[in-house]
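Chain nomenclature is as follows: A, B, C and D, assigned in order of appearance, with residue numbering initiated at 1 for each chain independently.
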Amino acid sequence: MNTYDLSQLRDALRKFAEERDWDQYHSPKNLASALAVEAAELLERFQWLTEDQSRNLAPDDLAKVRHEMADVLNYLVRLADKLDVNLLEAASEKIQLNAQKYPVDKSRGSAKKYSDL
Amino acid sequence: MNTYDLSQLRDALRKFAEERDWDQYHSPKNLASALAVEAAELLERFQWLTEDQSRNLAPDDLAKVRHEMADVLNYLVRLADKLDVNLLEAASEKIQLNAQKYPVDKSRGSAKKYSDL
Amino acid sequence: MNTYDLSQLRDALRKFAEERDWDQYHSPKNLASALAVEAAELLERFQWLTEDQSRNLAPDDLAKVRHEMADVLNYLVRLADKLDVNLLEAASEKIQLNAQKYPVDKSRGSAKKYSDL
Amino acid sequence: MNTYDLSQLRDALRKFAEERDWDQYHSPKNLASALAVEAAELLERFQWLTEDQSRNLAPDDLAKVRHEMADVLNYLVRLADKLDVNLLEAASEKIQLNAQKYPVDKSRGSAKKYSDL
């Protein structure tokens, strides 16, 4: 099985949708819904676990979590393709903005101060 | 501003959390919640738009959407780091599994047939 | 089959959890996750439909949607019980606040102006 | 300030939307998105808290949580109105179905066994 890089993943997802004529369903609005749904399916795996249990998943549970994470990434990449967004650029920019927004000395140890990251 | 690749992004997020002593909040359970919350913030940008409007975002709206997408990716990368999941490997595997699950000739043009992708 | 009112529903859900010793899982944090997960399952039913299709569900689809809506209400009532929140009071208050926030003459026909309701 | 019952709440929300000509945005598809978004805003209030902290909210935090719960209920009631669903009937039915699905003697103390409630 091949491992794609991000741009190969984008191309594979594009081809996948085209071959099945699913492009018609992939409006950004719908893809954003699908992404939120997949993120919730991922969350479902953790909802009744304690935080400690979530750090020590059994191999079977981890395998399922891993697949849900894959779905999230795939929809995110698909949405980025549709909107012509460079995900790595956007994510890099955001972390650098967050570094300014949450200076180390004022943010240490307090979750109160942040909602983003 | 630097653009990270995925492993640099992981390292930058790791350092970001460590410097602020936020690692204590970043249990997989909590990160999965945060990811779902960010995905919903992304969805919020589209909720009252028609599908057509979602394909033609004004530059300002696209900029906000792009930042929400960055947040989603950043939490996903952070969660992958905590669970030691290789995101690209998982996503590549999933798309190849989906290709078997949704054969082209039986899936053409029908959203009924799929829920995943 | 009996139809409960809201306070009977609260009591039935409380008894249901107690009998199964599930109260230990029902922290507000976990119930809020479960509620978000159920809301996403509801959304999943609509994600590939057009808005028009969503207004004309087939009986089978409506039956599934109805069950997802029931799950959302049940978790919301359970969370309200745990936090001692009067849902109807809170909802009534919110709609009256929204009436002030979105005056009729300034809000007509524009989704831009509102995110809440 | 008046406290509505569920059917008065439905009527107040209907009037609210009509007066502002917002009915056009309130397709079931869009309302399901808005509901999921509000549920995530509720979850956001809990995402970095421990379960114990979530059981002991400060009055200010509880007030915010209460408003998010109100938003969830209001969208759920609005969606039920659009789909002509009787929420209390559906919720009552669901809890009685769950009682059969999760018999007391087989479900005691195990979150593994259930995903719904």
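In this section, contacts are C-beta pairs under 8 Å (C-beta built on N, C-alpha and C of every residue); 3 or more make two chains touch, one makes a residue touch a chain.
All values derive from a computational prediction rather than experimental measurement.
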Which of B-C and B-D has more C-beta pairs touching across its chains: B-D
Which listed pair, A-B, A-D or B-D, duplicates the contacts of A-C in over half of its pairs: B-D
Chain centre separation (chain C, chain D; CA means) in Å: 2
Interchain centroid distance [CA atoms averaged], chain B/chain D, Å: 25
Residue list for chain B, restricted to those that touch at least two other chains: 25, 30, 33, 36, 39-40, 43-44, 46, 48-51, 111
Interface residues, chain D side, partner chain C - complex: 1-6, 9, 12-13, 16-17, 19-22, 24-25, 27-30, 32-33, 35-36, 38-40, 42-43, 45-46, 49-55, 57, 62, 65-67, 69-77, 79-80, 82-83, 85-96, 98-99, 102, 104, 107-109, 111, 114, 116-117
Chain B residues within the chain C interface of the complex: 33, 36, 40, 44, 48-51, 111, 115
Chain C partner contacts - residues on chain A that touch it in the complex: 25, 30, 33-34, 36-37, 39-41, 43-44, 46-48
